[in-house]
Each structure stands twice: as structure tokens, then as C-alpha cells.
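Next come two complexes built around subunit A: one with subunit B, the other with subunit C.
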Partner chain A sequence: MALADYKYKDVIHRCFRCGYCKFPSNWMEVNNCPAYARFRLESYSTGGRLWLIRAWLNDEIEWTDHLAQIVYSCAACKNCVEQCPYRFHDDIVDMIIAARSEMVERGSIPSVVKEFLENIQRQGNPYGNARSKRGEWVEGMGIKQYEGQEYLYYVGCVGSYDTRAKETARTLGEVLLKAGVSFGVMGNDENCDGNEVSKLGEESLFQSLAEDNIQQFKDLGVEKIVALSPHSYNAIKNDYPMFNGSFEVFHYTQLLRDLIKGGRLDISSGFDARVTYHDPCFLGRWNKEYEAPRQVLNAIPGVELVEMERSREGALCCGGGGGNFYTDFLGGSEDSPARIRIREACATGASIVATACPNCMTMLEDAVKAEGLEESIKVKDISEIVAEACLAKRAD
Partner chain B sequence: MDIVVAIKQVPDTSEAVDVVEIDASGRDINKEALVSKINDWDEYALEEAVQLKQKLGGTVTAVTVGASEWDDILRRALAMGADRAIRIDEDAASMDSNTVAKILTAVIIHLPYDLVIFGAQSEDFGSGQLGCMVAEMLDIPHATLVVSLQMDEGEVRVSRELEGGALELYTLKLPALLTIQTGINRPRYVSFASIKKAREKELKVISLNELGLSRDALTPLVILEKLELTPTGKKAELISGSAEETAGKLAMILNDSGVI
Partner chain C sequence: MDSIYKALVEIVGEDHASTEQEELYIHSRSLGTVEPHQPDYVVAPRTTEEVQQIVKLANREKIPVVPLGGGLSLTGLVMPLRGGIVLDMKRMDTIIEVNEKARYVIVEAGVSQGKLISCLERYHPNLMHSEPMAPAQATIAGNVMIHGQGDLAQPYGFNSDMVNGLEVVLPTGEVCKIGSCSVSPYWFTAHPLPDLGLFLGWFGTTGIITKLSLRLYPCKKINGVDRFLVEDAELIPEILLKITHTEMVGDLVSSIQGLPLAVRGIHIITININGDSEKEIEFKRQLIREDILGEYIRNGDCGFMGTTPDLRTGQQRPTITTVADIKRGGGFEYVGAILPVDTYPECCREGEAISSRHDIIYTLGGRVIGRSHAMMFFWSYAFNRADPESVRQAREALHESDELALKLGGVPWKPSVYGQKLIMEKMEPNTLELMRKIKELLDPNGIMNPGNWEVM
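Our next item is the complex of A and B:
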């Protein structure tokens, strides 16, 4: 593709390098772009990356591994979209994704990204784990296969296969059972939602995944979907309609909030802790849902909710988006965004950092270990906090 | 510059260690639960062929002996940049290398070729024989385990990989046959869209009869009698020393066993 064929050719040159894309909404730090935080080089900020993309499409620079790594280091967190002063600010992450699409078409992508995509093509998950093991997390729980219940509980790849995230999937399942919600899961028939595939620029694979999923959902008569992961929530809610797949999609924190309000969950046992909440990018900036998770936490007796320096639309991304929880372009340093975020969480004095996303969960858990802060702070999913608050009161 | 690449399809067993079991015949694994993919070595072979074509012009033809499911790898080859593909419609699963070699030779002998390229071995049976056999049957020189190659007037210069990182350098007169070692290049990613687009390219299916061969007349020289899984043993080794020493010893054990 020459620059002339690039979808955003009329605007990509207009970035005048103000640098706002690196700042959070409260201007308190300069490292709110996760890739920039990691490398502290202009190439890794959105502005710098766009300049390099333009130079590449214009044949001023050649494709190299390094260029591909820079282009793929963006975690698609949308901090830049939030901060950029230009009229086209809504498109800037899409501009990076369009460049990735060009690399995909040429076949020139980093090896880890190739692995990620090929694993999804073959086994329906980026890890390349056997399809026949996807539904194993349900073992021994009494959760049924989806056969027309009110909700389809859609778990996603990370929740189905990652050791720590599987616990989250199970705990949410327990909570939903306890609340008497009518739901079922797809087990081994569940396939990747494709959100990361789309952010990595493999549009045709994303379309194929979306269309297959939509057909499966329709064949099963699915109308309402509750998603564990904000990534799945984002893809099914915002992207599936363009392939004729319209469903009522909820992120699980929205459902829990409604269940608590409606008195269907007895959380009176409470949870005594100072908790800080980490906004996941695909729930927060991508879908503007900042309140439901906080409403759930605030409803639990004993929870003292404190905010980090950067929260809501200014939250620092954990660095797990855009496939980075697997490709790990932003890892390996104390400047890795997840580690910065954990230090920020500790600074609030909280003993718990609450997550609402299995990707954030795995990134932050690893960061706690890398920082050696296991004694100071624990990472808990909101579903796990709610589950503890539902436990029958012990006789003292 | 005309290149013929022979490829095969294998079951993907990389993440399915505990799903692998011997099938009812006792001479193959149960493939129902397994996904299929192109043989790893063949992917490198294809990439090398396509890169040569892109540099020097010419054609790349992908060839395989297999049942209809094997069209997948041919489409993949076309998507990577091969110009045409040929499948000899026979289930190669129960054939010995000699039989497959005879069939491939019967096809290749009618194609224009400067280079015939094979993967060094296959992921499933790993015999590593096919390329050498076809070279002998075609009566052309060959080199195996090629890790780099360079074309010149009427000849190809190759490096062969030996133990311990040593390399042998050879010059072969064309036409020649090469078997390719992994790591020679970085195979390109094949997008879903490009596989769909590859349907526009020619994929020819031919039968043994059309080659003047018959399955009955192709007597195998090697017969596989039995396939067994390695028995899982219980072996525990206690490593002693300080934390650093034990970590070091463990790292060496893991490295030597090929785990890391």
C-alpha cells in the first residue's frame, strides 16, 4: 500500500507532536502511554509512531523488525484518543491498526504476533492450547451448557486457559449461581471473540471469527450475553453488529451491580479492606463504563474504596491490550506499565487492587511478583471480592 | 528460475501432549481430536522458494501426495506466493517413503525445474528420506539440512548445518534438489484474506492412473509394524546446594533436555 491508498492519508501528517498523547487527563505524569512509559522514546508514543508509519508508507524508511516492534508495541489503550487535541483524535488508534493491517497483508509481522494469530486460527485461542480443554474450568461446578437460558456467560480465551484467570471465571460462575441467574456456558464450543485479532490488524480473521460466533449464538437462540472480559464485551457489543450480530451484551460488573441493587445477592458478610480499583481500558476508555464496578465495590460493607492518582479516563493501562498479555512487547523492566501501576496502587495504602478484566489480572499479578510486593498488596477480581462478601457469616 | 516444492500436512501435536493416543490400527495416532497444519520444515522450504522467485523471477509449484483435506496446505502455499499447486489424490498415511518418492518423481519429471526443494524431515514420522530418494530417482545432485543458499549462473551454493554450529559449504550444478532446515528464514504470516484470495490460483488434482502408476504395483520396501507411546516414567532427581547453585544446575538440566 502506498501512502495514497492509506485510509487516513489526509490526516496522518497533521500530528504536530504536541505530546499530549503521553499525558493522563490530570496532567500529573508524562508516562500515561504504556509503550512510552516502558521505553521513554518518542518512537513509542502515538505521535512518534504515526510519524514513523507515515514515513514507512511513503517509502522513506524500510520495514524492519524494529519498526514492526514499534508499531505492535501499542496496547490500544486509547489514552491518546482521550488526550489528543485534534478533531480526528477518535481515529488515532485506528490509524495504528490500519498500519498493522498493511503489515499483516505483506506477511511481515513480529514472530510472536504470527504465533498469536496462527494459534487462534488453529485452536481458537492465542496460547495454542487444545480446544478440547477450553471448557475444563467448569469442572465440578454444576454450571450447565447453554441451551436457551436467559444469559450466555461468555468467558473468553484468557479466562478459559490462564491459570489465575480461570479462578476468576469460576468465581464469577459461583456468584451467578448463588444469585440464581439463569445462564449457561459454551464450554469447548466457545471460540475466540477476536477483539485482539482486530487490534492486531488481521481484519479478515476477525471477520471470520465474528461471523462464526454470531452464527453459533443465533443457532443457540442467544439474546443476552454476560462477558467476563471487557475485551469480549467490546468486540461483541461494538463490532459484531456490523456483521449482523446484535445481542444485549453486559460486562459482568453491570450485572452484579443490578443483582445487588435488586437484593438478589446477599453481600452482608462484607469484605474488610482498603481497596483501590484499576479501570480496564476496554471497559473504561473504550466503553465509558467507569461507574458499575465502583458501585459494586461501594455496596459491599467493609470496603474502603480509594482512588489511584490516575483513574477513570486517566487510568494507566496495565499494558495487556493489543495482544500484549501474550506478545509481551512491554515487559521486562521496572518501567513496564503493569509494574508502574502496582507501585501506584501501593501508594494509596490499599491492600487490595481490584480488577474487572482477566488480562489486567494476569498482568498485575505478574507485576506484584516482579516488584516483590506480595506482602503489601494482592490482586483480586471484583467477582472474588463479591464472592467473599457472599460467604455465610461464620459463628464467632 | 522454476522451483518445485514438495510439502505435506501433519497433525498439530504441540499443545496436545496428553491428547495423543495410538489408534485402532496400532500403526498411527488417533487424529480426530487434532488439528492439521503444514509440516514446519516445509513452511521454511516454501518461504525460501517464494523469496527466490521474488528476487529472481520465475515460478514456484507446490506438490503433495495426499487426500482432499490436504488441499488446505496447498492453498496456504498459493497464499504464500506459489503460482500453482498439484495434489496427487492418494492417502499417503500408510505409504513408505519409497512409494511417495516414486509418485512425486512421476509428477516432477514432467515439470520444468531448476531447483526441487523439500523440508529436511516431517514432524510426524521424521524419516528425513524423501528428498534424498527423489534426488536419486531424478538423477540430480542434492544437499540436505540446508541453512542458507545463494544462486549463481547455473549453480547453487549452500551451507549445510552440522553438529555444534559447524557449516559445510557446497556448490551444486543445477538442476539440483535441496532439503531445507528450519531457521533458514522467517516464514511470512498468511492472512485469512490471502488464503481466500489464493482460490483464484490453479490447484490441480490428479490420480495415480494419470501418472501411469497403480497402488497395487507400488510395493512398499519398508513396512511399519507398530507404533508405541514412550512409557511415562517416574524419576525424581534431588539437586543440592545453595539457591544459586541449584538454580544453575536446574537451568542446565532444562536446557540440556531441550525444555528451554
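Our next item is the complex of A and C:
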């Protein structure tokens, strides 16, 4: 594809490279773009990336592994979209995704991205684990297969396969059971939601995943879906309608908020800790849900919620979006965004950093270990804090 | 592996040194209209010691070194005109000390305007620095290096006049402190010797700033903005003189633009009035509106444009960046020149003519510096980055504006190489010779940002 055929050919040159895309809302640091934070070279900033994409499509520079790494190091966190002062700011991440699509078309993608996509195509998850193991997390819990209950509990790939995230998936399941929510799961029949596939530029695979999932949901008679992962929530809520798949979709924090408000969850055992909350990008900037997680935390007796200096629309991404939790283009340094984020969380004096995303949780947990801060701070999913506040009662 | 690259990697680490086409491409392109020039290496140091080692290496190998801050001068001052090493200073971004009682801040050279603004707003709300109308990533060091001005220019002058001291890596690799910090732990004054003028304004040709102390000023809690409309440009200099006589205003800018049509041909004087209370703002506002500007309103020459709500200081964010997209082309460059305020009418007339000749929508204006001691007049030209003809036209208009500034008795500010040559052609020979001697003395191998301030 030449520049003339690129969807954003009339827009991409309009980036002035003013640099606002690197900042959070309060301008406290210039490293709020996770890729720029990691490398601190202009080429890794959003503006640099857009200039390079244009140069590549315009045959001013050649495709190289390094160019692909720069293009794929974007975590699709949308900080740039939030901060860019120009009228075309809504298109910025899509400009990068469109360039990735072109790389996919040409077969010129980093090998780890190829591996990620092939694993999903073969096994329905990025790890390449067997489809037959997807539902193992639910074994022995008494959670039923979906067969017309009010909600489909959609867990997603990370919650289904990652050892730590599986604990979260189970904990949320227990909380939903405790609250008497009518729900079921798909177990081994669940497939990848495709959110990262879409962000990595593999349009055909995403379309195929979305259409298959939609058909499966429809066949099962699903109307309401509660998602563990903001990534799944984003794909099902915002992208599936384009393929004629419209469902009532909730992120689990929205459901927990309503259950607590409605008196269906007894959280009176409380949770005594100073807690800071890390906004997942696909819940916050992508879907503007900043309140539900905070409302849940604030409702729990004993929780002292303190904000990090960068929060809500100005939050620093953990660096795991856009497949980076697997491809790891941003890892391996004290400047890796998750490590910066953990240091920031510690600076609040919190003993717990709460999040509401299995991807963020695994990224942040690894960062705690890399920073050697295991004694100072722990990473917990909000569902786990809620569970301690309500399930402790059951243990009594 | 290239031995120089290997040495650079040893100094800053593999992640922060590059010879890849992608980094070289990015630093070969100007945000403005300057033609591309490709570096050989891009390096992002973290410490003064790393800068020092890089400069020593460059001297040994006779490789050019081009220090880079935010890269937003637009006039190509950080373009590697002779190749070499682009030294991206933005990793050196620690705010080292804010001294509230002596009202100064010590920063590393890569600290951005945005970071300092944010730090002062959050932790030292009674203090501010003179904030240029530049994007937040413009650096403090880059701004003083080009004799920038900010929103305190009217009361306090150029930002480079607000520097208390510097730490500089000399072109031969020695680290040198200038100002009180050379004899004291306090970075509170630029005295005794040598003068900061050895480094400020030289665009890195005499050394690399690694740390600096900048004066901070009282930050008033409320900023009121009045806009006074004037049709006759000839009235502007005396109006500005009268307003500055009150010593009651902050930033003071007069501007005129071709679009939107509703304001075409009308000069808008933006008067910032700062105070700690509504009462203080109201007192100053009434005095300026009635005692100073009343006669112009009564004569029917001028008037105020509605009212702008008073803002708490800190809520304002410069939006000048969006000027770059007027033509939906992502390009914008301006010639700024330091001129007597009296030349304002002619600057506007000639600026409109230049814009018309090159088919560019004009945005012109002057920011008052000091009590009408001077103004920074800007001739601003948007262009379409994707259209070479549009870029060429803007470049020609910029060159004409440089020539105009000198013709009117002014001095092009942060001049491009083209503007530098015009200045040096007009300069007294002995002054030029002094410049040559200083450069030769400090930079015997001619490695520092070569092509800039090049005395022939």
C-alpha cells in the first residue's frame, strides 16, 4: 500500500509533534506515553511514530525490524488521544493500527506478534495453550455452564490461562455466587474476544473471532454479558455491534457497584488498608469508566482510597495493552512503565494497589517483583478486595 | 560495530543510543521549513558525567555535537547541519531544588516547561516562572538558550535575564559552574564572573547547559484577561506605552490575524491583569479601562471585546500549537524579532504584504518586553507539510520577514541559519571578530552545533 491508499493519508502529516501526547493531564512528567517512557527517544513517542509511518508509506524509509518494533511498541493506551490538542486526535491510535494492518498484509511483523496471532488462530488464546484447558479455572467451584442465566460471565484469555489471573477469575465467580447473581460461563467453549488482535492490526482474524463469538452468544440466547477484563468489555461493547452483535455489556466493577448499592453484597467485614487504584486503559480512557471501580472501593468499610498523582484520564498505562503483556516490547528496564507505575503507587503510602484488569494485574505484579517491593505493596484485583470484605463473613 | 556507536553505548546504554534509520530520520526533519540534515548518531544521556564523556569522545573523534531540548524552536537550531551526534537532553529531567525563600529553582537541562509548571502549581502555588507560549515539552534550558520570553516578559524581561546560574559542559569536556553556584551552595545570582552571555543565545556552540537556576516570581491567584480592540495600528505603540506606565499588568500582547473574517483588520490587545483577590483585579481593571483607555473609547476609536471570565491561575493552557493546523497541514513557523514598540504599525503593514505575496493567511503580533522597552514581533506562517510548494512559500515568507526585521532596525530572535547570516552581515566587524575569538577559544575543534553562528 502506498501513502495514497492509506486511510489516513489526508491526516497523518498534520501531526506537528508538539509533544503533548507524552504528558498526563497535569503535566507532572513527560513520560505518560508508555513507549516513550521506556526508551525516551523521539521515535517512540506518538508523534515520532506517526512521522515514521508516513515516511515508510511514502517510501522515504524502508521497513526494518526496528521500525516494526517502534510501531508495535504502542500500548494503545490512548493517552495521546486524550492529550493531543488537534481536532484529529480521535484518529491517532487508529492511524497506528492501520499501519500495523499494512504490516500484517505484507507479512512484515515482529516474530513475537506473529506468534501471538498464530496462537490465537490455532488455540483461541495468545499463549498457545490448549483450548481444552480454557475452562479449567472454574473446576470445583459450582459455577454452571451458561444455559440461559441472566448473565454470561465472560472471562477472557488472561483470566482463563494466566496462573495469577485465574485466581481473580475464580474470586469474582465466588463473589457473584455469594451475591446470588444468575450467571453462567462458557468454559472450554469460550474463545478469544479479539480485542488485542484488532489492536495489532489483524483485521481478518478479528472479524472472524467477533463473528464466531457473536454467533455463539446468539445461539446460547445471551443478552447480558459481564466481563472480567476491560479488554473483552471494550471489544464486545464497542466493536461487536459493527458485526451485528449488540449485547448489554458490563464490566464487573459496574455490576459489583450495583450489587453493593442494592444491598445484595454484604461487605461489612471490610478491608482495612490504604489502597490506591490504577486505572486500566481499556476501562478508563477507552470507555470513560472511572467511577465504578472507585465507588466499589469507597463503599468498602476500612478502605482508605488515595489517588496516585496520575489518575483517571491522566493515568500512566502499565504498558500491557496492545498485546504488550505478551510481546513485551516495553519490558526489561527500570523505565518500563509498569515499574514506574509501581514506584508511583508506593509513593502514595498505599499498601495495596488495586486494579480491575487481569492484564494490568500481571504487569504490575511482575513490576513489584522487579522493583523488590514485595514487602511494601501488593497488587490486588478489586474483586479480591470485595471478596475479602464479604466472603470473610462466610468463613466466620 | 561502529566504534563510535560502541563507545556511545558504553556511556549511555544500548537503549539510549542509536544509529538506526528511524532515529536518524526523526532528527533529520525540522518541525519548521528547514531542509533535512541527517545525524550519524542519536544519544539520550541521563547525567552531566555522560554528557561530559560524550563531548570528550566527540572532541577526540572530531564529530559534531548538537544539543537538543524540546526541539521546538522551529527555526532549525537543532538540525545536525554537518551530521554528527544529536544529544537529546530530555532524559535529564530532575527538578533539583525549589528555594521558596530566595525564589529560584534549580533544574536539569531536560526539564520541560510543563513539568515545572505542574510542580509549582502542585507544591509551590505562590510561585511561578515566566511561561513561554510554547508546547509543554519545550525545555527550560532550551528556552533560555534562545533568549525566550514568557508571560512575565512585560514586568520582568527576557527569560534569559532570569537565569541565576548555569552548569555547563564546555566544548572541550570540562564541567564549569557559572554564577554564585561557583562559590556558594546557593544558586541565587549570576554574579560574580564570568558572564552568562558566554553561553546564552549561542545555540549550544559554546557549551552544553546541563543545569540551571531560574528566578521564580510571586504567583497571583487570579488572572483576568481583557481584550481591547483597535482599528488603527498607529495608535498601538502609545496605548501600550500608557498601559505599561501603570505597572499594573502582566503579559501584554497586541495581535492581528487574517481569519476569522469578523476580526480581520482589527488589532486585539490582550491585557492580563493579575491579582490575589477580585478586589485587586477590579481596582486595576477600572484604572486601566477608565484612566488609561477611556479617552480612546470616548473618541470612538476602540472598545473592549466582551468580557473574559477571570481564571484561577493555572487553568490557562497555551493553545498556540493549534495554529500549526490552520491549513490542515501540520506546519507552522514564525519569525520573531526584537524591535522597538514604535515599529509595530510598519511590522503589521509589511507583514500583511508578505503574507499576501505568498498566499498565506497572516497571524501577526507583538509581545511587550519590559515596560515597553522592546517587543517580540512575530510573523507567523502556517503551511501544509505534505505540500512542498506550501513549504517553499512559507520558507520564502520567513526569509523576507528576517530581512524586514533587520530593515526596521530590529534583531531576528532565535534566527535560523539564514537569519544568523543576515545579522552577521550587518554586524560591526569588531563584534564579529570577538564572536569568532570566543568560539575558537572555547571550541577549538569546531564540534559544537556547527553551521550556527558561523563567523566567516
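Methods note: the second predicted complex is superposed on the first by the 391 of 396 C-alpha atoms of A that agree within 3 Å, B and C clash if a C-alpha of one lies under 4 Å from a C-alpha of the other, contacts with A are read in each partner's own complex, and residues count from 1 in each chain.
Note that a contact is a pair of C-beta atoms (placed from the backbone, for glycine too) under 8 Å apart; a residue touches a chain by one contact, two chains touch by 3 or more.
Quick caveat: nothing in here was measured; it's all calculated off a predicted structure.
Enquirer: Have a look at subunit B and subunit C on subunit A after the superposition and call it: clash or fit.
Expert: Fit: subunit B and subunit C sit side by side once superposed on subunit A.
Enquirer: Could you tell me if A:E62 is touching subunit B, subunit C, both of them or neither one (first, second, both, neither)?
Expert: So A:E62 only meets subunit C here.
Enquirer: Who does A:M28 touch here: subunit B (first), subunit C (second), both, or neither?
Expert: second
Enquirer: Quick check for you: in the superposed arrangement, does A:S333 touch first (subunit B), second (subunit C), both or neither?
Expert: A:S333 sits against subunit C, while subunit B stays out of touch.
Enquirer: Once the shared chain is lined up, is A:I109 touching subunit B (first), subunit C (second), both, or neither of them?
Expert: first
Enquirer: In the overlaid three-chain picture, which partner chain does A:G180 touch, first (subunit B) or second (subunit C), both, or neither?
Expert: Neither partner.
Enquirer: According to the stated criteria, A:G262 is in contact with first (subunit B), second (subunit C), both, or neither; which is it?
Expert: Neither: A:G262 stays clear of subunit B and subunit C.
Enquirer: In the superposed model, which partner reaches more residues of subunit A, subunit B or subunit C?
Expert: Of subunit B and subunit C, more residues of subunit A lie in contact with C.
Enquirer: Using only C-alpha centres after the superposition, what angle do subunit B and subunit C make about subunit A, to the nearest 10 degrees?
Expert: 110
Enquirer: Is A:L41 touching anything from subunit B or subunit C once the two structures are fitted on A? First, second, both or neither.
Expert: second
Enquirer: Superposed on chain A, how close does subunit B come to subunit C by Cα atoms? Whole Å, please.
Expert: 21
Enquirer: Just which bits of subunit A does subunit B share with subunit C as contact spots?
Expert: Common interface on subunit A, subunit B vs subunit C: nothing in common.
Enquirer: Would you pull the subunit A residues touching subunit B in the complex into a rising list?
Expert: Listed in rising order, the residues of subunit A that touch subunit B are 104-109, 111, 113-114, 117-118, 121-123, 127-132, 202-205, 207-208.
Enquirer: Could you please specify the touching residues of subunit C with respect to subunit A in the complex?
Expert: 15-16, 18, 20-23, 25-27, 29, 31, 42, 44, 70-72, 88, 90-91, 93, 112, 114-115, 117-119, 121-122, 135-137, 319, 321-322, 324-325, 328-332, 384-386
Enquirer: Note which residues of subunit B are touching subunit A in the complex, please.
Expert: For this pair, the touching residues of subunit B are 12, 14-16, 19, 33, 35, 37, 80, 186, 188-194, 196.
Enquirer: Quick check: in the complex, which residue numbers of subunit A touch subunit C?
Expert: The contact residues of subunit A facing subunit C are 10, 13-20, 22-23, 26-30, 38-43, 48, 51-52, 55, 60-62, 64, 66-67, 70, 85-87, 309, 333, 335.
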